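In this document, chain identifiers A, B, C and D correspond to the written order of the chains, with residue numbering beginning at 1 in each.
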């Protein structure tokens, strides 16, 4: 194979390689965004809860 | 003997001690009381240099913690609610081991002496594993006083003891304190603390909220004050 | 949490620009390799990922050391953030290397020192993440993480040396022990430029991701803090 | 020892060294005394080691030819597996009744505690090895008696135990302590195992020293480097 004059036909392997490289990077990016969203939702929920809790504490 | 100023300790983001001030003079027997989670154990762990303060100054016999903790550990005797003893060793072997770690001189004599103080001489060569909780705790006190410390720290010593064993422990505590040592004890048992200690400090909100000398208040007043401070 | 600071936005913009350019250089600017063909194009990002992995773990070890000295939690956030990114890119490095090896050495896997070291490095830092997962107290987690991050980083070069000696003494069964021997190629100037540019781009990607991941860590701690407050109320 | 005892309150250089060695010795003595009583640690290590060798026997079909080449590998895998059992147990004993706190309260340098634990772990490891080696030799009729082997086993065990003691001190303080140690330890000690296996093979095949000198050097380098790393970092592992 290595003795051939013309370059080896390895386009499919290249495609596969880049799917893995870019795919993994993309997945990680998605996971970062996802985790960030979840935390922001938690934060909003906490804001709501503390808004509810505080007046009731003062009234008692 | 102990000087603590502005002590802050936070576990992660959760502050347990918030700017606590605490002084103990030589020869005093101070009980630190407070509800569970008030930070009693945390305070003691910082005094024993097992935990490092987040902020604030801690001095024991003039030695600054945690920087000079090595020297401070020499004059400290600690009895925790865990026995800190090896189950697979006998009382004699346990004391021998800790005696060597502290560099106690005339170790054989000292072990006999300590065992008779804590009334464990008869069980000297029995495995700690087979002891009752009360016996383990007595031996733990023996381990605490083995190297003749100037300052004794007791962390909830009555935990898990039946009333008889607890009374026996009280006798022992009084005897140990009468030898002129400074004692700091944490407890959630206000009555016992009030009877034993020359001063009761109430720990609440991460600070010493009140400090009551013996004879200042009777038992009922002390109880009422405690509930006011910790609940209110 | 407040929106990304301006510097981070600028950095993100630069990184995206560089990445687009890098893709252009890898696929169009750099010539097709004369022997291996298109698959050689994997090489640029393959090496760059390995580089990011190594840099990330170095940063973890340094941040761990600084944490132990200063006890400022922000250094621990840097350390975890860096490990996570390092693990992702080391995985990319190994997977892409394996794909490259298939047509060139006729096998998905060879026991080449670099490949094996990269794999053990991946296992080390997966262990690092598992260690952290098993500890609830954040201060202890940070301390143990710092210690293990340093221990792991020190062990990597020794592992590499040990496998290298192992390979030279042992007969090589499949392919070549050293990819420089077979599957090696002369880089044309354009290839070299694409290669250097990929390294630069991936370094920027690392820095950008690190920044975002540190912010994520901080936000997560804030949420924890708030939850604690809620529970104590 | 006697001078060390007297010099406790006024720690001069001699007293300090005496106190340090006395503390290390006390920990080793304590571990031996406890082990003589319970025999849990050595017992489990030995039984486990035998089981591993038996499993290898059926997994690899250790016929005469195979034995020549895989003996060192089988031995070291056995030691490594049995070793994690011992390391875990040895640290769990300290953690169980809060004994580690008791150790840390003593006025001795933390590295003395580390050395004490390393020495007793090393001792247990070597006891297991000295029982397993002749047994293996007997079972498979392979001659394992070679002076060079002692050096290799010692160097390999030191590196393994130094890193193992440090990491087991972390593992026992984690929630997942039963499963964590091998996962933390094996990727870090891989060079020790590789080098020890190759050097053992060299010794057993009677090769000249030059042929496996590189492995011995690697083992020495590993031992020295990680002894340094472990001494510095042990403080951070045991403090709270």
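Simple rule for what comes next: a contact is a pair of C-beta atoms (placed from the backbone, for glycine too) under 8 Å apart; a residue touches a chain by one contact, two chains touch by 3 or more.
Values in this document were obtained by computation on a predicted structure and should not be read as measured data.
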Going by the average position of its CA atoms, which chain sits the greatest distance from chain C?
B
Rounded to the nearest Å, the gap between Cα centres of chain B and chain C is 50
Taking each chain's centre as the mean position of its Cα atoms, how many Å separate chain A from chain B?
51
Compute the distance, rounded to whole Å, between the mean C-alpha positions of chain C and chain D.
32
Quick one: chain B and chain D, Cα centre-to-centre, how many Å?
37
Specify, in ascending order, the residues of chain D that touch 2 or more different other chains.
239-240
Chain pairs that touch, by label, are A-C, B-C, B-D, C-D
Could you list, by residue number, the parts of chain C that touch chain B in their complex?
137-139, 221, 224-225, 228, 232
Sort out for me which residues of chain A touch chain C in the complex.
1-2, 4, 7-11, 13-14, 16-18, 20-21, 24-25, 28, 32, 35-36, 39-40, 42-43, 46, 49-50, 53, 57
Residues on chain B engaged by chain C in the complex (per definition of touch)
11-14
Residues of chain D touching chain C in their complex?
163, 166-167, 170-171, 173-177, 180, 183-184, 187-188, 190-191, 194-195, 198, 214-215, 218, 221-222, 225-226, 229, 233, 236-237, 239-240
Would you mind writing out the residues of chain B in touch with chain D in their complex?
45, 48, 50-52, 70-71, 73-74, 76, 78, 80, 82-89, 93, 97-98, 100-105, 107, 127, 143
